[in-house]
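One structure, as structure tokens, below. Some questions next.
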Amino acid sequence: MHPEEVIQRRVAIELKPGSLVNLGIGLPTGVSHYVSHADNILFQSENGIVGMGSRPPEGMADEDLTDAGGAFVMAVPGAATVDSGMSFGLIRGGHLDVTVLGGLQVDERGYLANWMIPGRMVPGMGGAMDLVSGARRVIVAMQHTAKGGPKIVPQCTLPITATRRVTLIVTELAVIEPTDEGLVLRERGPGVTIPTILDGTSAHLIIPDVVPEMKLAAVLAAESQVA
Amino acid sequence: MHPEEVIQRRVAIELKPGSLVNLGIGLPTGVSHYVSHADNILFQSENGIVGMGSRPPEGMADEDLTDAGGAFVMAVPGAATVDSGMSFGLIRGGHLDVTVLGGLQVDERGYLANWMIPGRMVPGMGGAMDLVSGARRVIVAMQHTAKGGPKIVPQCTLPITATRRVTLIVTELAVIEPTDEGLVLRERGPGVTIPTILDGTSAHLIIPDVVPEMKLAAVLAAESQVA
Amino acid sequence: MKTAISAAAAADLIPDGAILMIGGFMGAGSPHPLIDALVDAGRKNLTVIANDTARPGFGIGKLVTAGAVTRVITSHIGMNPETQKGMLSGRIEVELVPQGTLAERIRAGGYGLGGVLTKTGLGTLAAEGQRVIEIDGEEWLLAKPLKADFALIHADRADYQGNAAYQLTATNFNPLMATAAPTVLCETREILPVGTIPPDEVGTPGVLVKYLIGRRM
Amino acid sequence: MKTAISAAAAADLIPDGAILMIGGFMGAGSPHPLIDALVDAGRKNLTVIANDTARPGFGIGKLVTAGAVTRVITSHIGMNPETQKGMLSGRIEVELVPQGTLAERIRAGGYGLGGVLTKTGLGTLAAEGQRVIEIDGEEWLLAKPLKADFALIHADRADYQGNAAYQLTATNFNPLMATAAPTVLCETREILPVGTIPPDEVGTPGVLVKYLIGRRM
């Protein structure tokens, strides 16, 4: 299984029926492929829509209906559009249940760095700082390492996105929960051993007696996909 | 002529074509009777409408279309409705050209008191403090005296509405402009002499060499009335 | 999908002593059936955050008349002598807030902002006990965010997802209050099927609304 | 009644060195004909306040490509390598602001508020050089209001009074920006007779708009 699929299917399990969810551009967006329509999960996009749908079929795009990356989307029945003030009111005001974001680094404090690499890549924070500060739950969905180097580190060397501890880190190797005591290893990836996880992690991990293998959301029939 | 009519017709002259105007409940509301429809003046009501019209004919009221006093109104073509946040954004943000309010006292600093009499009448400030702080021009429209006592005083004894100097005071006896130097008598009421004005005023008035009699807006045919 | 309940069932959710935001402006755009149900249920000791207390026997005025209210945060009580009498006798604690500041304080509560910086009220009684912040040599009054236990709002129409649309000057404080309480009860003229309110007509996204109360239930 | 002018005439109103707010989000809801006209007019030294600088050759990206922009206040330049290159070379001064804070700073400018108090950015690079205000033991970042000389917005439709209505996610920053500049230029698909946009559909009251630019002129 491709690492991205593992991550997306594991994150999908975290999304409770009826919740409001913001998925970052890239890997997080793919989580929606594993969410059942029956769960009535609403996707919010910070450019101003609650109830974002999937990509429109060829020829049915509208330039006034896009996602935060500028790509065309559809709206689900019961969607609402809002201006940028209210969009971030929903985010900052604690009305967003979950945000799923990519990460460059996460550290033992549970702090996320995901918006710049000084001198090399300065895209700007966009909505990331508001999302990490304001969402009720922050899930970091990222590959465990980058070019073989650890991304889960003792302390972020890259500029952090917020001084708020994220809720959960999901990689293809592990599910890790930041706590008062530090980073706790909660689950292992499919067929992954604890030494493999430790190998790819420079942060200290607290290892409970039992670390089960992660469950993954089912692969849905194409017609159930919402985005 | 009734004192209220003098005040209303004099204030009407202050309203420039195309401007956005908020009229307080009571005496100020009557100013609209002397405004020509051709001047395209828009009336704003702080409960959330730009383009408020007159009272609806019998049987044509709608409970969702009211003025700030809760009375039924109509909307002019091109009206817009807004929530309370934006309504006061227009007021506080300097987008309102003129507010016309009643007054209990105005003093030599040009400060207005119009929202309470301690221990006797505490209606609350409603929108008055925002209107006096935020409108580009603040016109106080009031009778010159109350029960024979002066209302234009050296310093307000009642709680002030704002520490912002009002633009103009219009009474049935006089038009007075607060300036850096103090209160300047600009105009006399119809047939009113300067001694009569001074008699009803406890504040110091600066009297220029020429103090003309005030001009009044014409009485319009009923069909021209907008409110 | 949101639960559609009767006004009486809605009143049952609200305990004595609760802090309520109630939409409306002199009664226009108030959730009248919810107010009636609270009076019928004999609620006591309520705190009401609202633009005004309407008039005796109308809108929020009914709660004042019934003795259900012991504290109000409001901009105007001038049309309700009963609220004024209650304040002067000490039976009702009244915090008077300039209307525009009240709107922004509610929005700040709902939008996760730390406060409101305004010139309105500077140097007046409304500034008493409040902090003045100097920014680049200018003074601003710091007004704090407001939140409530319940927001009781009125919408013209809503769908079963909770999406609410407002009409004309009945809009007023309703969309702001819908953001500032964990439990939002939306009273509405009609509850429509999901998908029948166009996205641009929605003033309050359904995610903010917990209960719907239709007038024809 | 508002003056309806061509995009070229609109560009003539805007001098080199002006501070502009430009609506849109990755190009969606941007006033594209006005951007084209500014490029055609060869404007220089502009400050642009906008959510992003879109992509090279699209939306605000065209102004960057043309070298018309020397300063941007924005939340995201990640899709436009030219803006990033300009920033790294020092040719374009870039102030990066979290998106929600940018929206509130613009609104504060337009709504007469003294600033924005937010937790977003606290303890990060985005807080550098900014004031932290403690309120009841909690820390908040103070972000200052933004204003511009001109706001260039896009609306779906407008009437000759300047009332503007927005559509779907093309709304974004447009209604906020329409409050924060003394001269608002509203580019729109169609200009309609006064009275044909229902009051509840108006997102920006006409009093805020100075010039209308129709696509079919």
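A, B, C and D label the chains in the order they appear, each numbered from 1.
We adopt the following convention: a contact is a pair of C-beta atoms (placed from the backbone, for glycine too) under 8 Å apart; a residue touches a chain by one contact, two chains touch by 3 or more.
Quick caveat, the model's predicted, so the values are computed rather than measured.
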Exercise. Name, by label, each chain that touches both members of the pair chain B and chain D.
Key: C
Practice problem: Decide which interface, B-C or A-C, involves more C-beta pairs in contact, and give its chain pair. | Solution: B-C
Quiz item: Farthest chain from chain A, comparing Cα centres?
Solution: B
Self-check item: Euclidean distance of C-alpha centroids - chain A vs chain B, Å
Solution: 56
Self-check item: Gap in Å, rounded to a whole number, between the CA centres of chain C and chain A
Solution: 35
Quiz item: How big is the gap, in whole Å, between where the Cα atoms of chain A centre and where those of chain D centre?
Solution: 29
Self-check item: Touching two or more other chains - residue numbers and ranges from chain C
Solution: 104, 107, 112-113, 118-119, 166-168, 171, 199-200
Quiz item: Residue numbers in chain B touching 2 or more other chains?
Solution: 49, 75, 81-82, 85, 88, 91-92, 134
Quiz item: Taking chains as nodes and touches as edges, what kind of graph is this: line, ring, star, complete or other?
Solution: other
Quiz item: Can you list every touching chain pair?
Solution: A-C, A-D, B-C, B-D, C-D
Quiz item: Along chain C, where are the residues that touch chain B in the complex?
Solution: 25-29, 51-52, 54-55, 74-79, 84, 87-88, 94, 96, 98-104, 107, 118-126, 156, 166-176, 203
Practice problem: Under the touch definition given earlier, write down the residues of chain D that touch chain C in their complex. | Solution: 104, 108, 111-119, 133, 135-136, 138, 140, 142, 144, 165-168, 171, 199-201
Quiz item: Along chain A, where are the residues that touch chain C in the complex?
Solution: 20, 40, 42, 49-51, 75, 77-82, 85, 88-95, 134
Self-check item: Parts of chain B lying in touch with chain C, wherever the complex brings them together
Solution: 45-49, 62-70, 75, 81-85, 87-88, 91-92, 116, 119, 121-130, 133-134, 159-163
Self-check item: Interface residues, chain D side, partner chain B - complex
Solution: 1, 107, 110-113, 159, 161, 163, 179, 194-195, 199-200, 202, 205-208
